[in-house]
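Heads up, the thing below is written out as structure tokens.
For clarity, chains are labelled A, B, C and D in written order, and residue numbers in each chain start from 1.
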Amino acid sequence: MSAKIPVTVLGATGVVGQRFVRRLAHHPFFVVQHLVASERSEGKRYRDACAWRLDGEPYGGLGDHVLGPGSEEGSFSPVVFSALDTGPAKEMEPAFAKAGALVFSNASAFRMAETVPLLVPEVNGEHLGLVEAQRRHHGWKGAIVTNPNCTATVLVMALAPLHATFGIEAVMMTSMQAVSGAGYPGVPSLDILGNVIPFIRNEEEKVEEETPKLLGRFAQDHIEMAPMVVTALCHRVPVLEGHTEAVSVRLKGNPSPEEVAKTLREWRAEPQALGLPTAPRIPVHVHDLPDRPQVRKDVEGDGGMSVHVGRIRPCPLLGIKFTLLGHNTERGAAGASILNAELAHAKGLA
Amino acid sequence: MSAKIPVTVLGATGVVGQRFVRRLAHHPFFVVQHLVASERSEGKRYRDACAWRLDGEPYGGLGDHVLGPGSEEGSFSPVVFSALDTGPAKEMEPAFAKAGALVFSNASAFRMAETVPLLVPEVNGEHLGLVEAQRRHHGWKGAIVTNPNCTATVLVMALAPLHATFGIEAVMMTSMQAVSGAGYPGVPSLDILGNVIPFIRNEEEKVEEETPKLLGRFAQDHIEMAPMVVTALCHRVPVLEGHTEAVSVRLKGNPSPEEVAKTLREWRAEPQALGLPTAPRIPVHVHDLPDRPQVRKDVEGDGGMSVHVGRIRPCPLLGIKFTLLGHNTERGAAGASILNAELAHAKGLA
Amino acid sequence: MSAKIPVTVLGATGVVGQRFVRRLAHHPFFVVQHLVASERSEGKRYRDACAWRLDGEPYGGLGDHVLGPGSEEGSFSPVVFSALDTGPAKEMEPAFAKAGALVFSNASAFRMAETVPLLVPEVNGEHLGLVEAQRRHHGWKGAIVTNPNCTATVLVMALAPLHATFGIEAVMMTSMQAVSGAGYPGVPSLDILGNVIPFIRNEEEKVEEETPKLLGRFAQDHIEMAPMVVTALCHRVPVLEGHTEAVSVRLKGNPSPEEVAKTLREWRAEPQALGLPTAPRIPVHVHDLPDRPQVRKDVEGDGGMSVHVGRIRPCPLLGIKFTLLGHNTERGAAGASILNAELAHAKGLA
Amino acid sequence: MSAKIPVTVLGATGVVGQRFVRRLAHHPFFVVQHLVASERSEGKRYRDACAWRLDGEPYGGLGDHVLGPGSEEGSFSPVVFSALDTGPAKEMEPAFAKAGALVFSNASAFRMAETVPLLVPEVNGEHLGLVEAQRRHHGWKGAIVTNPNCTATVLVMALAPLHATFGIEAVMMTSMQAVSGAGYPGVPSLDILGNVIPFIRNEEEKVEEETPKLLGRFAQDHIEMAPMVVTALCHRVPVLEGHTEAVSVRLKGNPSPEEVAKTLREWRAEPQALGLPTAPRIPVHVHDLPDRPQVRKDVEGDGGMSVHVGRIRPCPLLGIKFTLLGHNTERGAAGASILNAELAHAKGLA
């Protein structure tokens, strides 16, 4: 086995950053070289700079790692994982890309940029081809590769096989989202205990614009958006981890619930074929019990990297409706970026 | 003021029954004559037969009332409120109607029967006209008048003014429902803490079939169903009281969100004109704050008898989408039956 | 009726400040003259400076009130209510007192100061006598009167009649406290959903030191601490409003649970005798049901101003144990300060 | 390695029964021979008789196992695990013991019987010696061995090393208990959402009487109760798994918090020395962070078999107070019985 690739984690002390660290601590392809947080954390040990919020081994075993500076010179690695907020992401991610790093970003800053792949490996691996156009366009040696908003990621995991098999004309998605999606400290308990909040800033817009790009066609220097109508209604509910999505779709040819179930159940994609370490063996679990999937009972399976579908039934308006469930901070954030890097690695990019 | 009308409450010890009792304890038109629960409760005092679960005055002040028999002879009153389950409702409600009582029922047993009004006073008061056909058809002196499923009730409170003003072609409704909708003991805490359950037995079917009847046209001996497509996706969430509904509608003429807001805000109906005691002054509250209505903060206003709408915005698929909120055990159950009786009384029926 | 006394609310936009405003909006003795929040809010209307978080009439009907400056010159009233944090309280409360105002403070800054009354009107009204010593000592025309920590307030409401009747030697109190006690945004939902947090900074210390002062004897220029051992164990639980306290006490003469219940049930104090507007008619409700009081079901009664006791039973170690419950942001904060001002007013001080 | 010992699980379809099955499905000493539930389940497959509520492999992989009869003839194995309710336990456990089985019971029926071991292997392994007296007294070939109430089990895990090292004179324990302790369906969500219930039937009595037996001295044909005062105050809180206990103790010699921490941290007992498969490597984890242990974050470690202690600090009344945490359905139920059986096996009894 060849030597592991050194990586940098930007935003390493936040909740997504911690999930990066936990997943990278014992990764077969990658090894942590630099952990970066805010300026005032530089020079501190990770255990002193970080309030560890996950279960399992504290600090991913990297508690004594000293935090590096926030500059591409001081903290360069050939592969970078970014758990930055939008503002810092806009500055730091291009700087690292320019310096030659392949940046796998969970931030929303560049998701809709024309030459930036918005990647879900099971869904649109060929979008990695945009990297060439991106390098050419910016004159960079490195590149930025993004993963989508958590709600959109979970959604396209179920839509991709349906779009490939039948063709999707319209999607209506109503979400019931976990509080962890807002980071830490995030949603105040006074707001959410015993409550439903029918508003998450910019969330509906992200789902509605990212989905057609995710399901779009790679056209060398841009993505042709998939021609479908997407409407999203997003809610926060008192759940810790995992987004539940009530989905209705209009599919070409009007397939039966049984055909839809079969398509989802049998779907395997490139990460499964390649056996990527973070890829779930089965990307979509189709449940038969009438009251499943349920977020608290189902979402942690497969390290949170598979999604769950149940209650596939006829919709008198659009044709098919079903329940969808996925892990917002793993499949929808930390696990997503790392799977992206694994795919890039398998394709010789990283 | 004329003498109050004596009433019987069937199923008086359950959670809806208790809400009936609390509302009837000091009602301007009605006075409790008989409280009826199960056979083994007959002869007991209400305080001994009933585990009182509401706040306010325990037992509605009727703790010493002795429970009557479950027969129409032993517990007859000219007006009857039924909080029975479907099974007992199927037997007892016709028996009381035959004996001459006007039965206002929260049960689902006869909601879709051809000559039974499925009544929401703000929405379809003229459906009370079915009582005549019902009496003729069965040869009864009394009659059965039902209120709809709680989720459907809340829904039609917002749909009725839109249907009257614009005409509705299609509705998609995704609900996030309170645990109180399942009665007591109802949903086990082990199932719902930190969870979303994407299934409530028969709930979607009820919403889909009751809505077109509720918005239908009175045609002497039956209701002509409103010609619209309704699709419902129902979920249980860890909320105590109040159903949140994410609603999308296709309206004729494609009105703007502002026109929809104006229509809802200005809507007043017969119960408001008549000043019925249980009717809210404003049936639909339209909220301007981007994150309202919220169930825990808004649902208890007006004794739970108004509904709340917010986030009225364009839907790329159906035209308009919004958040809707209402009280499932008041507007959707106990308060509903009592408002029905008040309307019947105002119209000279009760 | 004489003219109402003008009052200033410091910290008017926070959650306790909002409760002050709601209670003062229609108060028989007081009328709001100045609302004060942070510097950057000066000159704004209350509705624009404040995210209103309570139910009932928004902004207490004072939405158009323009916020005043934070100085005693610009915002002076003869009576001041302070919902400030400790830091600002340390500066502003003495400034207003020096300028002649009677400051009723919910802050902890001066609670243990020798000449500052730590007042619960039912418990130690005579401690108001300290005001004279305070004025003499500081050369102030006004004075500062504080109410205790919310957990201590609830505790002494049950301890006071027991101390007066039997004499208390030792108290052990284990609390299960609502999230509202931490203000807004306060406790992150990620921390408390489905969890118990066994630590609230400085809370145990406050209960242990404030209780003996509260139950102490007025000695002209100081309070003689009540000679009792108090130990507190404080926890945060996923409850919105209301602190539950498991209390064990060693009483002189070893009274029976029945004697303790009778003492608590029959207790009436000065605010009840004076009929102060915010005082509950019955200060301690003694529950007979074996599983009451319960915070969600009982705490909102009497505007949150009474406390609840149940399960009075023998303790093999200390003699008596019971469950105690009270409203942390009303009896323990906003309602407390206002009741203090009412007592001062009734005694001719305000 | 010798052949595995066949075992019977009584009450196999309940929540504790399911945890037995999950733990026994791949156990190094034991193999499931009979699963027994109610009479009407006899002859059904486990997957058809049981609503599986745990995560991990459904039915522990035993979904096709056919349920046996409830008689000691029909379902005999040399080792029996009982997850029965008290009523059935009183009949079936003696029948199996008489027939020669060693019955490891989670039921409360025989816990306080004079010759029945109330066993926690780390705490009182020598109590297994009672088996001989029990056999002699009843003329049985088999025997009944019980594990304590879940709350008491967690408590004695922390008390045992303190009692051995210093000697305990008095204990006050206030619990905040998970809903899973009430089984399924158990606590209604309407009762516990946003609430604290200050009453769990018989729970305080069990803790107060079982603790002195657990810490007592084996005296051949009975246990000499440990001479200490125990008082318990038990509460239900909206937590899924894990009991939090606020504990105060009076220890002989008045040791410091540091000495107590050291004693707990260094404690290892017989199951650790024997390396029993279900025993945690470290029985008591002592936490240093001021706000830990927290039930949702800490309780699932070590398969739920260790307990957690934090905030060891002086108590002005009893000397020492601390926070204690343990898993009620593993350390306090299923895992407890199985560890008991492992100890009995290691000592040549099973």
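Assorted remarks:
Just so we're on the same page, a contact is a pair of C-beta atoms (placed from the backbone, for glycine too) under 8 Å apart; a residue touches a chain by one contact, two chains touch by 3 or more.
Because the structure is a prediction, the values reported are computed rather than measured.
Considering the contact criterion stated above, the chains in touch with chain B and with chain D alike are A, C. Chain centre most remote from that of chain A: C (centre = mean of CA atoms).
One simple way to say how far apart two chains are is to compare their mean CA positions; for chain B and chain C this gives 41 Å. Measuring from the averaged C-alpha position of chain A to that of chain B gives a distance of 43 Å.
Across the assembly, chain D contributes residues 193-194, 238-240, 297 that each touch 2 or more other chains. Taken together, the chain A residues at the contact with chain D in this complex read 55, 193-194, 297, 300-301.
Every residue of chain B that touches chain A in the complex is listed here, in rising order: 170, 172, 174, 176, 193-199, 208, 229-231, 233, 235, 237-240, 244, 246, 248, 290-297, 310-311, 315-318, 321, 323. Residue ranges on chain D touching chain B, taken from their complex, read 53, 179-180, 184-194, 238-240.
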